[in-house]
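I'd like to ask you about the structure that follows.
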Amino acid sequence: MQEQFDAEGRLRHLISLEHFDDERLTALLDKATGYLRPAGELPAHESRFAGRTVANLFFEPSTRTRASFELAAKRLGLHVLNLDVRMSSRSKGESILDTVYTLEAMGSDIFVLRDSEPGVPAFIASHVEPHVSVLSAGEADVSHPTQGLLDTLTIRQHKQDIANCVVTLIGDISHSRVARSVCQALAILGARQVRLVAPPAFMPGEDAYPHAERFSEIEPALRDADVVMALRIQRERMSQASIPDTGEYFKQYGLTAERLALARPDAIVMHPGPMNRGVEIASEVADGPQSVIRRQVCNGVAVRMAVMATVLETLHP
Amino acid sequence: MQEQFDAEGRLRHLISLEHFDDERLTALLDKATGYLRPAGELPAHESRFAGRTVANLFFEPSTRTRASFELAAKRLGLHVLNLDVRMSSRSKGESILDTVYTLEAMGSDIFVLRDSEPGVPAFIASHVEPHVSVLSAGEADVSHPTQGLLDTLTIRQHKQDIANCVVTLIGDISHSRVARSVCQALAILGARQVRLVAPPAFMPGEDAYPHAERFSEIEPALRDADVVMALRIQRERMSQASIPDTGEYFKQYGLTAERLALARPDAIVMHPGPMNRGVEIASEVADGPQSVIRRQVCNGVAVRMAVMATVLETLHP
Amino acid sequence: MQEQFDAEGRLRHLISLEHFDDERLTALLDKATGYLRPAGELPAHESRFAGRTVANLFFEPSTRTRASFELAAKRLGLHVLNLDVRMSSRSKGESILDTVYTLEAMGSDIFVLRDSEPGVPAFIASHVEPHVSVLSAGEADVSHPTQGLLDTLTIRQHKQDIANCVVTLIGDISHSRVARSVCQALAILGARQVRLVAPPAFMPGEDAYPHAERFSEIEPALRDADVVMALRIQRERMSQASIPDTGEYFKQYGLTAERLALARPDAIVMHPGPMNRGVEIASEVADGPQSVIRRQVCNGVAVRMAVMATVLETLHP
């Protein structure tokens, strides 16, 4: 794993939340908080980094995450290059690297990378020049660190004390880079308990999520939870889990108002988006008073501004 | 129909020109006029709204209109997100709304929407937060309000008195959102006469365009006209109108120099673009001295700046 | 050929390097040099032209060249419209022109054009208004003037005296617009010798490159060369050259370390990118100490800034 922190311990790349500690995670969340503004007000802007360049290299299509990184960059005064790259797998490693070298030579300071295969962000981070930073915007089913940060920030906004929180994740956990990253962050911040509910085929192996409690039925997993996070289901994976259709999935694992009533009355409902309404979550829950789903999106831009500003401070102290 | 004006009568959304009155329409055209500059000079710029965000959500592809909105936004100092969205019809309403909520949570102030199905702009306008505005960039065959405004502005620039104008529209009127919007604007400003010429299959029903005079042959419709607007023909629709090919269409309805000579000597020629030269309009007319087609395009950017500035003033007085 | 210089001899369009002279070429290279900054430092910026507009019209897809022009434009404070245009060949001339007229009416000051067919940049340059400039970003196999400039700038940075340089080009020269443009520039600057090495099918006719020395084998062509440029091979063209596969090409014409040792010890290695490693160039050469390939990319942004600034000075003295 490529070193994310430089010799002085400053954030240089963001590949995974795995090796963060409480202090560094809290510093990023505090910085992100400083970029939040009330809805409708002029968004936070900075000009310290004006004229620097971000290259969004998305090897896997994404509208939402790309837009979030793009707005974060623009609000920091950065120039943004959007590159949707389709490459054949065979020559990919080599081609990606030449693309990165090219964009680096043009003066890109930050690469934002999304890829459906594991290893690419660390691979590239180990090859860029000392004045360049790599940020993962989603790596296979391995890591999605800015999502983990925005989820954690959202929880922190609503729960005084994460150390006392019970967090329940529902759905396709084994394929979810979101689940991975948020659970790493929760472990670092010392959440009381993380619970996983999933069909057997979607439950990760014993070595992953060692401290989590596992449930096969949703009701006991929700009981007295402080935070409930429904994960997106890929319809293509239904058969793999021996679930005949989305209706059956909703019947067994859908987050309904009735089920949510088992959690604590002040429990918050989260979803990384985009939602399959009526599959993993009922619309009345998604749009209900306990939902903080739009707040997650809003926090996402602030978190990405904080991460970019932090690595730029590292590169140009 | 979603209310386009707020309680104080200020423009909040732009979905249709239907409920405008003379005063509001004139105010928008005056504002747009203030953004015009001679060709080659530095375009008008503003910084009052710098840092606000426009999301261009185009569910139907468009190069020209998207570019016009994008330049208008950039010249107002706005950040622009371009999102080409392809969605299956089935789950569209729900998905669009979740996309809009997401972009709204990221701090989008204005949504520019184009869709081939009717109802989407008003639907979204009824769901956004109080500090967000929706602008239609073309809605099915129902409405294209900024095109109507730029057409009206172009006519006003060349004709002292719209109340004395005879305006002739030629072509596929029944499917034309452009025709709808410009005729609404002309009715509000009290144009003397609107004439429609079309093959029977392209002539709208009796309840649409109640005040227009209808012609089946082009020559009498052109006689003494002050403004002649040729509409774009979709080749796919030819057979529907029992017209065997584009040559036959041009023979019957093409705007030639010979036919244009029937209009007033100072008549102007308009086309919303992109043109099918040799189908609905002869090249010598499109590029001739009476053509104001490029002036329409130029006015388009100014009109879109005026609309965006107006709704931003409404949102943030 | 459309006149690239105005009546006062100032650069108005950039279509080809053919009619440049030493003084003008040197002035452009000097200006580009002024935009260079050490790697990692804030890139050069200007605000003189802020608010002007560049339309990137790419009829042939390109990631690298488009990105280079886009960054160059943004660093000059220009608004950038990116338009990937796919047009059928039949109606192309007419449609391109209407697209150009439209973007011109919106206030585009500069068109950056790439097309796989010859003639388009000059055709458009002969139709735009006096306050608009056309820059070629690659025209069929005919011309790629900014690439020629960046290559020349790179050579000048490493070789005191171009008049004393021996430059060897290897590969598919007959289809290469890069080879054409760089050889035009080298002829103007008076390079001592240009050598061409290619399979017979890729060797240009006798009338092209009149002053170049031709080689069928790579070794003698490399002997004592100061500059070695490997050109990209299109795999589709292999069979045309009776070369059965990429391995065979590499065996005959690949630039290996062993072969490079035949050139002068201080010879530089160039490639216009994107490279086929292991086909036209060995990875150890591409990434070796004599390679200036990334420097070429870096110079590309500076050259494009210099070209845009120069034509904007011509348009708005």
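Lettered A, B and C in written order, each chain numbered from 1.
Everything below uses one rule, namely that contacts are C-beta pairs under 8 Å (C-beta built on N, C-alpha and C of every residue); 3 or more make two chains touch, one makes a residue touch a chain.
Only a predicted model underlies this, so the values are computations on that prediction, with no experimental measurement involved.
Superposing chain B on chain C by their CA atoms means rotating through 120 degrees, a value rounded to the nearest 5. Different-residue interface: chain A and chain C share under half of the residue numbers found at their contact. Mean C-alpha positions place chain A and chain C at a centre distance of 41 Å. Shown for chain C are the residues in touch with two or more other chains, of which there are none. Residues of chain A touching chain B in their complex: 39-40, 42-43, 45, 63-64, 67-68, 70-71, 74-75, 273-275, 277, 294-295, 297-298, 300-301. Against chain B, in their complex, chain C makes its touches with residues 51-53, 55, 79, 81, 83, 85, 94-95, 98-99, 101-107, 129-132, 315-316.
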